[in-house]
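Each structure below is given as structure tokens.
Here come two complexes built around chain A, the first alongside chain B, the second alongside chain C.
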Partner chain A sequence: MLFNSLDFAIFLPIVFILYWFVFNKNLKWQNLLVAAASYVFYGWWDWRFLSLILFSTLVDYFVGVSLGKTEAPTRRKVLLWISILVNLGFLGFFKYYNFFLDNFKSAFSIAGYELNANSLNIILPVGISFYTFQTLSYTIDVYKERLEPTKNFISFAAFVSFFPQLVAGPIERASNLLPQFYKPRKFEYSQGVDGMRQILWGLFKKVVIADNCAVYANHIFENSADMSGSTLALGAVFFTFQIYGDFSGYSDIAIGTARLFGFNLMQNFASPYFSRDIAEFWRRWHISLSTWFRDYLYIPLGGSRGGTLMKVRNTFIIFIVSGFWHGANWTFIVWGALNAVYFLPLLLTNKNRQNMEVVAEDSYLPSLKEMGQMTLTFGLTVIAWVFFRAENIGHAVSYLGGMFSWSFFNEPSYSGISFLKTLIPILILFFTVEWLGRRNQYALSQGLLKNNVLRKTLYLTISILVLLFYGQNQEFIYFQF
Partner chain B sequence: MKKFLNKILIFSIILFVFNLVLGFILPIRTYYGNEMFEQKFSSIKNDLNDYNLYFFGSSRIVNGINPKVFDSVMQVNDRDINSYNLGSYGTWFNENIFLINSILNDTSIKDATFMIEFQQVMSVPWEKIDNHKNIYYQSSDNFTFILNYVLDKDIRTFRDFLIGVHYIFSYSISETLNIFNLGKLKGLESYSHSKESKKFDNKGFFAIDSRKEMNQITISNYQSKGVQLFQANESKSNGAFEKKINEIIKKAQERNISIIFILTPKNYTKEMVANYKTLPSENKIDYEKFLDQTSLFEAANWGDHTHFNFQGAQYFTEFVAKEFLILNRNEASENK
Partner chain C sequence: MKKFLIRILIIGFPVIFFLIISELALRNIPNDYSLKREFLDENAQNLKTLVLGSSHFYRGVNPQLLEQPAFNAAMVSQSLDYDLKILENYKADFKNLEKLIIPISYFSLFGSLENGVESWRAPYYNIYYGIGNPIKFEILNKKGSQTLAKVFDFYFKDNNLILADSLGWGPKNVNVTLEELQFSGLEAAKRHTKKKLNLLPFQLKNLEKIIQIANKNKWEVYLVTPPAYYSYVANLNEKQLDLTISYCEKLAQDFDNVFYYNFLQINSLEPKDFYDADHLNKEGANKFSQILNFKIQKKF
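What follows is the complex of A and B.
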């Protein structure tokens, strides 16, 4: 079920009413409702893959319970590996099988051997990378004794399948989300209103910003061979806005929806395009994934301790694995590697933690220096996104080649350019709200405007724009990951 | 909780009122939800009076009526007809009525003939309910028609009752989405972004190839079941439907436009057959002759199980053209 669909617009109030008016007396029933609703939510897309979630849930639940009962290191290690192999096994099969097979076949054929194995027609289960990482975090934390294993299966099943963040995050840590299922929840007015506000802003980002930018980005990327450098640059910038609107919009709707049910999810985006360097960008972009890799991969590898070579190795590993997590394509790997290249100079000169606070913390506008830094960082991310969006490496290289040609200085030419007149004021509104709300958990949160009338006019305008731009169930990009 | 729900309710009401007002102000293109119709209409809107016969309907018309064949039959019979196929994919009865009404209201077309695919009224499937294609033609008039249509439906079983409820439910949602202007700013966009390329010739026709093995039994059933249904007299027609048809016929007559309904081969319902029988004879092609056309029910003439291929379109168009000539002759003799 998509957040931006009529199905969800009906599903959400039904679950909300049942949750607060029918099952509100009994925590167990409330959690059971959350689990059941989550299975309906996921099964709406393809019920067959519910078995994967259920299997993953059962394995990790029993691994957790068993870890709680044993002190023997070898047995504990075996249990951990069972969980890792099952979860990554599913992920590896559904997401990476064909990729590895095709690459092995190519490698063998270069060496003069023909490998007789056929690619499989595998459907990638929506959100598998997200819930797999979420359950893995539980087993690893229990193994490391950072978390008590749960004996409450219903709460655990609800935690794994929690519908607001099941298919595209934020990837929650068991230590944050699971305990919330143990405590009775009480509806709080401020939390409910805040949730609705965040849902509204998420819908705006997805429906108005991302889906409109997608029209331009798709057209330009699909016909890149015929476009001038300036048009290609415009296409890359549109994709930059599309991916942000799409993914951070989803996160906002997820976090807002969770709030309606009395849950607090972690922040996933913090105005990443106002970053002054790449390190800051990665502290602000897809925070739940970045911190997951930091805690479960980078730090166990040694992190930034050790010699220069070790730092370089770990940085490349984390960025490349992060890229590969997004999809089984060399474009994602290059995207990750490119970000590592951007990041390394900062790490090696110990400047990766120099911009910890939000830009222009105490002023309305950034300084000229900050403007320059933000523009440079934005430019670098735009270039990297070309790899993320391109069909293959060749496409990305020819796209960038075309972009950095003399025609970069020509006026962009594109048949739908006239519609930009409608889109530009909306992008300005979006940019203004994002800038003014850069200190908040999400841009539209209550602190944005003090004046009540202005604030409500803004909500009304945004709601109207969401309705007017509603497009027929445009999928979220991150569903494919 | 009460405060929260009140706030949501008040906000929704304000939003509703604003959208209601916006609906009148926004410069939305009339046919924005039907890309194919819009493309066809745009390509001829400056030459509307060059044509004197238009076809309307769904993909069965798009793929089944070749105006070049129609015009050539007319030419052989010394009739000066220049026809255009305004059929568009997935266009149902209500939408067709909207399109014809819009054309009658917004253009200067007169002294012409509209040949319209005869269709039954359908409810909106859930998966299509928020499509622009389904929203753009909704109106309070359409909703009133649906209400009357359901109230006048021959409801005999609980299943019939549920079907009736689904009609009202689906159209009330569609009309609400229309009032909330759902997706209408997309209607301001140029269709140059469109994924769907222009797929029709300069007379609005598009031929399909035979895409898969045709099952002769399925196709023959259209004919045999059709004959059975037309011979039986067990269903009552729908008064609201009849009224709607008569309204459009009358409105067209004011501009000297005659309306002729044509059947296309498919599975019919009892109600549809009963409704067809109530049409005035000068406004329809005789179903008995239609069901007699064996060539129309030969699998070799079909592209898939619902549409003719090029050859089938040739036969179907020739049949419609000949029947049109007969209707015209009858009318002429009656006038004498």
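What follows is the complex of A and C.
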């Protein structure tokens, strides 16, 4: 079920009413409703994949319970590996089987051997990378004794499948979300209004920004061979806006929806395009994934302890694995590696933690230096996104080759250029709100505008724009991951 | 909670009201789909010749020049699965039908309406024909701004949205330059060349079902590869084209009531007969319809 669909517009009020008016007196029933609604939400795509979630939930629940009963290190390790193998096994099979097979075949072919194995026609279950990581975090935390294993299966099933963030995050930690299922939830007016506001902002980002930019980004990327350098640059910038609007929009809707049910999810984006260096960008982009890799991969690998070589190795590992997490394609691996290359100078000069606070924290506008830093970081990100969006490495290289040619200085020209007149004022509105709200959990949150009339005019404008651009539901990019 | 719900209702009610009014207003606007449904509902039992298929025949076949009474039920991007749905919906009514003419274009066996760029048309078959996917809303089919423009154009500017004539033919009276034909040929060939041929079994099955229905009802089926300008033909993928032709030839061999005509490169049509490299204009459509009718009558 897509957040921006009629199905979800009907589903959400039904679940909301059942949750607060029918099952509000019984926590167990409320959690059961959340789990059942989540299974309906997920089964809407393909009910066959429900068995995967259920199996993963059962395995991790019993592994957790067993870890709670044993102190023996070997047995605990075996239990941990069972969970890791089951979860990563599913992920590996559904997402990476064909990738590895094709690459092995190519490698063998280069060596003069023909490997006789056929690719499988595998459908990737929606959101498998997200819920796999969420359940893994539970088992690892229980294994490390950072978290008490749960004996409440319904709460655990609801935690694993919690529909607002099931298919595209934020990837929640068990330590944050699971305890919220144990405590009775009380509806608070301010939380409900805040949730609705965040949903509205998420819809705006998705329907108005991402879907409009997608039309032009897709057209330019699909016909890149015939485009001038300036048009290709414009296409890459369109995609840069598209992916941010799409993914952060989904996160906003997810967090807002969870708030309607009395849950607090972690912030997933914090104005990443206002970052002054790439390290800051990665602290602000897909925070739930970056911190997952930090806690469960980077730190266990040694983190920034040890020598320079170790730091460089660990940095490359997490960026490349993070790229590979996005998809079984060399383009994602190169995208990750490129970000590691961007990050390296900061790491080696110990400047990776110099921009911890939000830009221009005490002023309305950034300084000239900050403007320059933000522009450079944005430019580097745009280049990296070309690899993320391209069909393959060859396409990305030819795209960038075309972009950095003399025709970069020509006037951009493609069939949809006239629409820019409509899109530019909307993008200006979007950036203004994002800039003014850069200190908040999400840009439109309460306190953005003190003046009541201005605030309501802004809400009305955003709502009208959502209605005007609504229609032709576009899937969220991150569903494929 | 009460305060929250009241607020939601205050905000939500005008939005829902606006959406319902827009939906009703949209559905009330006559269009090519509603025209075709009305015609078939009233006249299906009289028809002798029925044309199905995509824009290649919606634009390119004038039913007045075929054996009468004839009707053109083709529509833009209407794929074989939708041709079958229309046939299944009306097969009991086609009491006098003799000839079924279906275009098998370069993309017909490899694409479908629901997977293509015109997928937004798919709900129209449900809304206006009562076939296809379960109930859909037209307001969700296009952007709100496009919906408003459509409603405004019809109700306030009196713009008619029906492009087809009373027999379902949607001619385009446009002439283009050779340069435009060159460009559109390359573009269309690129668009119609499929990276994956995975829809072939699905569309072949649909075509076979159409033939089975025709067999049962003793209709003749004319599979026709429509004419195109050479800039289109020159840029086609050989494998995809060969598969298309060979499957049609095989069906014509296997079934006595199936005939296949390949008009892809036809000498009697000139550049001035096309409005783009793979669509005939009004003049071209009239020429081609006569040629097609002649072939069908002579059966050679």
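Keep in mind that, in the parts below, the second predicted complex is superposed on the first by the 481 of 481 C-alpha atoms of A that agree within 3 Å, B and C clash if a C-alpha of one lies under 4 Å from a C-alpha of the other, contacts with A are read in each partner's own complex, and residues count from 1 in each chain.
Quick note on the criterion: a contact is a pair of C-beta atoms (placed from the backbone, for glycine too) under 8 Å apart; a residue touches a chain by one contact, two chains touch by 3 or more.
These figures come from a predicted structure and were not determined experimentally.
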| item | value |
| --- | --- |
| Overlay on chain A: chain C relative to chain B, clash or fit | clash |
| First (chain B), second (chain C), both or neither touched by A:375 | neither |
| Which of chain B and chain C A:471 touches, first, second, both or neither | both |
| Partner chain(s) touched by A:215 [first = chain B, second = chain C, both, neither] | first |
| Chain B versus chain C as contact partner of A:187, first or second or both or neither | both |
| Touched partner set for A:413, first chain B, second chain C, both or neither | neither |
| Partner with the higher number of touched chain A residues, chain C or chain B | B |
| Residues of chain A that lie at the interface with chain B and also at the interface with chain C | 6, 20, 187, 189, 192-193, 196, 463, 467-473 |
| Chain C residues touching chain A - in the complex, by the definition given at the top | 1, 3-4, 7-8, 15, 18, 120, 137, 139-148 |
| Contacting residues of chain A [partner chain B, same complex] | 5-6, 20, 187, 189, 192-193, 196, 215, 219, 415-416, 418-419, 422, 459-460, 463-465, 467-473 |
| Of chain B, residues touching chain A in the complex | 1, 3-4, 7-8, 11, 14-15, 18-19, 22, 26, 129-132, 173, 177, 180-186, 188-190, 192-193 |
| Chain C-facing residues of chain A, complex | 6, 20, 187, 189, 192-193, 196, 463, 467-473 |
